[in-house]
Each structure stands twice: as C-alpha cells, then as structure tokens.
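Two complexes follow with chain A in common, the first pairing it with chain B and the second with chain C.
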Partner chain A sequence: MMHLWLQIILNGLLQGGILGISALAFSLQWGVMNLINLAHGSFQILAAYLALVLLQRLGLDPFLAMPLVFLIFFAGGYLLQFGIINRVVSGNLFMTLLLTYGLDFVLANSMILLFTADYKSVNTSYANSSWHLLGLQFPIVRTLALVFLLILSLLLWLFLEYTRAGRAIRATSMSTEPARLMGLRIPKVYALTFGLSSGLAAVGGIFYGLSNAFSPAAGGPLTVGAFVVTILGGVGTSWGPLVGGIILGVLDAVGSVILGPTYVNVITFGLLLLILILRPNGILGRAAA
Partner chain B sequence: MFTIKGLTVGYGDTKVLWDIDLEIAPGEIIALIGVNGAGKTTLLKTIMGLLSPQSGSISYRGHELSGLDTHSIVKLGLNLTPQGRLLFTGMSVEENLLMGAYLRHDSDVGRDLKYIYDLFPRLGERRRQRAGTLSGGEQQMCALGRSLMSRPSLLLLDEMSLGLAPIVVEMLLDLVVEIRRQGTTVLIVEQDVEEALRRADRGYVLEGGRIAMSGPAPELLNNTSLRIAYLGL
Partner chain C sequence: MKNKSLIIAVLALLCAFLLPLLTNDYIVQVATEIAMYAALAAGWNLIGGITGYPSFGNVAFFGLGAMLAGAFSVNWHWPYWLAGIVAVLLTGVLGFILGLPILRLKGHYFSIATLALAEATLAIVTNLQFLGGGKGTSLPLIGSPLLFYYIMLAIACLSALITYLIVHSQYGNTLLAIKSDESAAQAVGINTVLAKSTAFALSAFLGSMVGVVYAIWQSYIDPPTVFEPGITVLMLVMTMIGGAGTVAGPIIGALIIGIMTQLAMAVSQNASSLILGLAIIVVVLFLPQGILGSHRSGKGGKRPGKHSFSWRG
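Our next item is the complex of A and B:
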C-alpha cells in the first residue's frame, strides 16, 4: 500500500516536469512583457505535430529533432512578436488577450485542417517504457522531462543573470523607460523574449506529445496548466516553474486517486484560488517593488 | 554643435513647449531653469527621443535627432540621467552600471567601472547590493555613474538634487564641473537654481513652455526679476 502511494507521488512529481517546461515559457513572456499568451498551449501542440511529422516522414527521433524544433519556434516566435504582438503589447492587457485568443483560434483550426481532429501520439519505441529503480517505475519520457526542466531552468537562469542579452531582458522587464535610455530597442528585446519562450514551449510540447495522446483541441488545457503553475511558482521567476510544476503535479496525482480523476480540475483551480488568497506573488515571487 | 530650433512639443492638443531655441557649444555647462510644469523634463525627453516634437529641429554634430529613436540618439553620444533616477531597482549596483555601457563594445568597460568606483567609493562598497536598497544620495550617484558608463559627449541631468541633502547636492554638482573638465558637455536641469547657475557658463529660463530669458550665468544670477522668482530674494 505504502509502495502504491510512493508510485503515485512519483508519477505526480514526474508529471511536474512537463508542466514545468510549459510554465517556464509561459512565465518568461508574462514576467518580461506582461503578456498572457492564450495561444501558448496551441504552440505546444503544434510542436508535438511537428515532431510527429519529422518522425514519420524523416524518421527523426523527437529528442534529436528537439534543437531543430526549438530553432524553428524561436524564429517563428521572434517574427510573430516583432511583426504583430509588439503592436499591442505595451497597450491594454485586454488587447494582448484578444490578440492571442485570436491567434489560438487560427492555430487550432489550422491544425484541424492539416492533421484532422483525431487523436495522435508520437510513437517511439521508448514512449511507453519505464526504468525500474527501487521497485518504482520511472516512465522514461516523464523522467527525462523533469531532468530537462532542471537543466532548462538552470540555463535560463544563467542566461538571464550573466549575459548581456539576459541583462537587457531583465532590465526591460523592470522598467521600459530607463531601458530605452540605455539604448535598448524594446521591440527587439521583446522579440528575443518571445522567441525564447516559443522555443521552450515547443520543447515542452514535444514531451507532451511523447507522453500523451493529443489533438488540435488539447492546447486549451495546456495553457490553463501553464497559467496555474506560473501563478503558483511566481510570475517571471527562474525556479518558480519547477516548484509550481512539481506541487501541482503531485497534488493532481494524489488528489485524483483520493477524489477520483474527474476532480482534478477542482484541485487545480482550488490551488490557484488558495495561492491567490494566501500568497498572490507566488511561492518564489517577490512582492512588487 | 548642439542646436534646437523652433521646437514645439505637445501631448495631443495640449502644447507643452512652444518654439524653443537653444544652443550649446562644446564643453559648456548650460543650466536650464524653470518652475515645476515649465516643460524642462519634456524638453529633455524630446531631445532623447522619448517624445516626438510636433515641429522644429534638434541637431547634434550635424545629425538631425528628431525622428531618430532613443537607441540611435544614445549611440550619437547623448545620455540622460532621468528625474527620479529610474534605476533598475531589482538589479545590483554593478549591473546598473553595466546597463549604462550596454551599447559599448570596447574593452575599456572594466576600467570605466573602476573609475566610477573611485569617483563614488560608496558604490564600490555596495556593488553587489540591489540598487533599490541604496539611500537616495547613493541612488543618484548610481544613476549618474550609469550615465557616465556610456561615455557621453553630451550629458543631460534632470533634477539631480531632488530630495537630497545639501551636502550631497554640492558634491554631485562639483562633480559635474569635473566631468566637464574631462571633455563632456553638460545640460543641467536643477531645482537648486543658485547652485546650478554658480557652476554653469550660461543659463536658459523656461516659463510656461517658452524660453523667457537666457544669458551668461553670472548675469542671470544678478538679474533682479530672476532672483525674486527663483531665489526668493
């Protein structure tokens, strides 16, 4: 019995990896540009389809395809921000919500046209296999997702803290006027940020596609998950997605066993409500200066 | 070398500056004086490309600045230490200073950092501290240091003395004279009219968005109406 619970908690912990990578992307663009990207989940599903196509057509393993998919999404995100989102991003929050909501529609429906509305999965030889350790099952894909989340969080943190471009992103996120006075071009800083976010979202999307069946409609729940994890960990923090992802993953896993899987949303949103009441800046978030 | 001609600036239908003419020669310290709401900060923001003029021209070393973005203006050697300092409060002192050197790609940035710490030993002691935790005077030093890190040829200073102890104000203004001695031209906007004019070569008085008076600083200091209006004497 004890063993069963350990496995359930482990499953939740590992689920936190996929949630966390997704939130890493969502939190970065939110923290830097105050942009809540409602098309986030659809970006991820699109990346899963891209990985699927690369696997089926070229026989390219999804992990080998990852750098390529990252770069494609980085470029696409950069151009999207530079050409379109920058036009509204400094305005009313409602405008960016409206724009990304529309974008989500376009993406989701384009995917239905291209890939049909049927459920697909990225079937690799290891997609459903597990490592066994201490009598516990470690599903390969989810375990790697957690490892990737750790590495990506660390890399992102190092990039933001110790590089010139990272400093520019942090400075811009704090205040745009002095950033402009330093000679920064805010539209380019934003484009770089959204490019990075899109690339990270795509990596998370590949992991999602490797461990879940998905359809073009799967984007919405992914956006919601990223939203909750971001609030939980703290908007714009480097380690918040890791902490938030693990907490939500474990609570969902344990809760769905105790209360039944239909109550997962109750747990998710109950947690969101609780954190907004008790610690509105998130677990790792600092109060606004 | 720096010339403003017929500059008119407004926010929508409300005009803030009317037909401003102003000239600065290389190596000068110019004081810009005026009550709150006279348009001083608007003028500085317009020079830096944060606001666009409705008409008129701003030129620097043969380049027309109006229409350029702030990035290009900073590249031409202008830099503003803004009112209220506008530090990156969540970043360390050193990171703030490095942001000042953002557009520089030369290898002297490290040396200039040391120069700033020599100039302001307090900043050196607090280099790893978050800028938001500094005292008002230290924050102003950090903001000035950040501007100097860009190696400006024309430095604009907006209300450095606001909320600072008189002894800190004296120290900062003396430093402006030293900065000029090293070849930087300075346009200084100051509440502390007397302290500013004592160190300036010439001054301009802004009233209701227009240049009301201009001339050599000693003359302005002795001008009766100016003394009554700004010095309370």
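Our next item is the complex of A and C:
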C-alpha cells in the first residue's frame, strides 16, 4: 500500500517535469513582456507534430531533432514577435490576449487541415518503457523531462544573470523606459524573449508528444496548465515553474486517485482560484501589493 | 444625433421583426443565433466593456442557466418557465457572490480567474448527477423556430435596453469611473466593490437568461457544449469588433461575426474557423477600437512604463 502511494507520488513528481518546461516558456513571456500567450499550447502541439514528421519522414529521433526544432521555433517566434505581436504588446493588455487567441485559432485549425483531428503520438522504442529503481517505475520520457527541466531552468537563470543579452532582457522587464534610454532596442529584446520562449515551448511540446497522445485540440488544456503552474510558482522566476510543476503534478496524481479522475479539473481550477485570490503573486513570488 | 440613433434603432428593430416574413428557415435559424450572441455579447459588455474587467469565463453563466433550468424541469417536473426564472435568479445571485472576491483581481489575473471559474464550473456540473452529469439533459420539444427567433430577439432588445439605461445613468458613470481610474473612484467615496459585483451579477443574469432559452430551443444540452470556452471568446470578440462600452457595439459585432461565419462556411466548411482566427488578428491589428470607435475609452489596463511583475531570477 505504502509502495503504491510512493509510485503515485513519483508519477506526479515526474509529470511536473513536462508541466514545468511548458510553464518555463510561458512564465518568461509573461514576466518579461507582461504578455499572456494564449497560443502557447498550440505552439507545443505544433512542435510535437514537427517531431513526428521528422521521425516518420527522416527517421530522426525526437531527442536528436530537439536542437533543430528549437532553432526553427526560435526563428519563428522571433519573427512573429518582431512583425506582429510588438505592434500591440505595449498597448492595452486585453488586445494581446485577443491577438494571441486569434493566433491560437489559426494554428489549431491549420493543424486540423494539415494533420486531421485524429489523435497521434510520437512512437519511439522507448516512449512507453520505464527504468526500474528501488522497486519503483521511472517512465523514461517523464524522468528525462524532469532532468531537462532542471537543466533548462539552470541555463535560463545563467543566461539571464550573466550574459549581455540576458541582462538586456531583465532590464527591459523591470522598466522599459530607462532600458530604452540606455540604448536597448525594446522591440528586439522582446523578439529575442519570444523567440527563446517559443524554443522552450517547442522542447516541452516534444516531451508532451512523446508521453501523450495528442490532437490539434490539445493546445487549450496545455495553455491552461501552463497558467496554473506559472501562478503556483510565481510569475517571472527561473525556479517557479519547477516548484509549480511538481506541486500541480503531485496534487493531480494524488487527487485523481482519491477523488476519481473526473475531479482533476475541479482540483486544478479550484486551486488556481484560491491562489489567485489569496496569493496573486504565487508561492515563490512576493506577497500581493 | 440622439434622434438619429433612435430612428436607426427603430428601423433595425422593424427589419428584425419582419425578417421571417421575407426569408426562409435557414435565415431564421442564423438570425436566431445572431440575436442570441448579440444578447450574450451585450451581457459581456456590461462587465468587460463598460466596467473594464475583461472576463474570460462568462460562458459559465450561460451554461449554468441552461443546465439548472434543464435539471429543475426534468428532475423536479417544474414547468419550464418557472425552472427558467429560478435558474436565472440563482445565477444572478451567484454572479454577485463570486464577483466579490474575483473582482478584486486586476488585469491578467482577473481574466485567468474567470477562465478558471468557467472551467471549475464545468468540472463541478459534469460531476453532479442532479444536473445530468456528463450525459446531458433531454428536454421536451416545444415551440417553433419562429417562436424562438422572437424570444431571442426580445432578449437581445432587453439587453440593449439595460445597457442603454446603465450607460445613461449615474450608475453608468460610476462604472466608467471605475474603468478609468479605480483608486480615484474609491477615493471619492464610490463603493467600487458593490458597483462591480452588481455589474457582474447583471452580466450573469443576461447570460443565464440566454442559456435558459437556448436549452429549450435545442431540446438537448450537455456540459461540454454549453460551457464551450469559445462562446466566451465570441462574446468578447463581437463586443470588441463592434465597439466595447457602447450600446450598439455588441449587436453590430454579433451581426458581422454571424454573417462572416456563414460566408466562410459557404466557402469552405473546414477553413471557416481558420478564417475567423485571421479575422480576429486583423481586427486587433487594424481596428483596435472597434467599428463604433471608443470615445469613452478609459485607461482599460494601459500598461504603465514600470509594470508590476518583472523577472526576479
């Protein structure tokens, strides 16, 4: 019995890896540009399809394809921000929500036209296998996702803390006007930020595609999941997504065993509402002003 | 100016009233949907457009109205009109109570909280056997398509009237003050909590009323359909296109999106949603104030140079 519970908690913990990578990208956009990207989940699903196509057509393993997919999404995200999102990002908050929603509509429906609405999965030899350690099962993909989340969080933190480009991003996130007066080109900093987070979202999407069946409609729930994790961990922190991802992963896993799988959404959204009302800046964030 | 608006309103109403005489069933069906969305968008406009709190969860009230009325009439054998009235009143009260904590949040946080509210409501409704659970509810087939057209038209007119009365009242000025600068409104002694929650309750009231009629019109409802997040998005897109905070904005928006959707579906069934998405992007980029423009534009979340969250490492 004890053993069963350990396995359930472990599953939740490892699920936190996939949730966390997704939230890392989401939180970066939000923290730096005050931008909520409602197309976030569709970006991830698109990356999963790209990994699937690369595997089927070229026989390229998803992990080997990861750098390539990252670069493609980085470039796409950079151009999208530079050409379109920058035009509204400094205006009314509501407009950016509407714009990214429209983008989500376009992406999701293009994917339906391209790949049909059927469920697909990225089938590799290791997709459904596990490592065994101490009598517990460690599903390979999810375990690697958690490891990747740790590495990516660390890399992102180092990048933002110690490189020139990273400092530019942080300066802009604190206050755009002084950053501009110091000679930073805000549109380029924003484009770099969006490119980076699109690349991260794509990496998360590949992990999602390796461990779940997905369809073009899966983007919405992924976006909402990233919301919840970001709020749980606190907006604009390098380690928040890790903390938030693990909390949500474990709560969902334990909750669905105790209350039944149909109550998972009640837990997720009930928790989100409670945290928003009681501690709007998240668990790691500063207390509400 | 005022006379001109009145004449246009009367003419439009006359056209809407006579429409079924001149056209076929298909047009009446489309027109019923347009009237329905005009009423929903007007309800959204009260909280999102006039008060400046862009809700992403208004579909919760539509869904609750439909599911509650269905449950009362099926489980307790109430006549449908009674079930409907009780459902609408309950949803309105719920909107007021939920508004108290949620309307303390601002900007993105408010939008996300309302999104979560809608999803949580869907999840709870799906788990309650009384509300039909995940299976949905079947209602008796009554009335005719024409009857439902006139009912939806009446609700759309009622919501426009409510909006008109609010915009031209002291209460409307209070809401506008909240939208422009909430702390200043508070400072001059306005009870902002009460004013905002009342607007949210009115919004819930209208949404629920449309839901009640929708349920009996369709005669079969299930939670995923009546809690579809896309319905909220349609409400806000229509309001934005027509002009947020105006009386006619939601109606114009519902007409444009309604007709455009039909045209897009005629071109290609598959690509119609894609076209809608592109339309949203074009509106945001090239028509950000809506067709009626927004001479009443408040601050509406205009980003300050130093924003409240930043990267903290």
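FYI, the second predicted complex is superposed on the first by the 286 of 289 C-alpha atoms of A that agree within 3 Å, B and C clash if a C-alpha of one lies under 4 Å from a C-alpha of the other, contacts with A are read in each partner's own complex, and residues count from 1 in each chain.
Note that in this section a contact is a pair of C-beta atoms (placed from the backbone, for glycine too) under 8 Å apart; a residue touches a chain by one contact, two chains touch by 3 or more.
Since we're looking at a predicted model, the values are computed, not measured.
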Which superposed partner A:104 touches (first chain B, second chain C, both, neither): second
Partner chain in contact with A:170 - chain B first, chain C second, else both or neither: both
Partner chain in contact with A:185 - chain B first, chain C second, else both or neither: first
Touched partner set for A:254, first chain B, second chain C, both or neither: neither
First (chain B), second (chain C), both or neither touched by A:217: neither
First (chain B), second (chain C), both or neither touched by A:237: second
Which of chain B and chain C A:72 touches, first, second, both or neither: neither
More chain A residues in contact - chain B or chain C: C
Chain C-contacting residues of chain A that also contact chain B: 170, 174-175, 177, 286, 289
Touching residues (chain side chain C, partner chain A) in the complex: 54, 56, 101-102, 104-105, 107-109, 111-113, 115-117, 119-120, 122-124, 126-127, 134, 229, 233, 236-237, 240, 270-271, 273-274, 276-281, 283-285, 288, 300-303, 305-313
In the complex, chain A residues that touch chain B: 164, 167-168, 170-171, 174-175, 177-185, 286, 289
Contact set on chain B toward chain A in their complex: 48, 50, 69-71, 74-75, 79-80, 82, 86-91, 95, 98-100, 102-103, 132, 146, 150
Residues on chain A engaged by chain C in the complex (per definition of touch): 28, 30-32, 34, 36, 84, 87-88, 90-95, 97-99, 101-106, 108-110, 112-113, 157, 160-161, 169-170, 173-177, 220, 224, 227-228, 231, 234-238, 262-263, 265-266, 268-270, 272-273, 276-277, 280-281, 285-286, 289
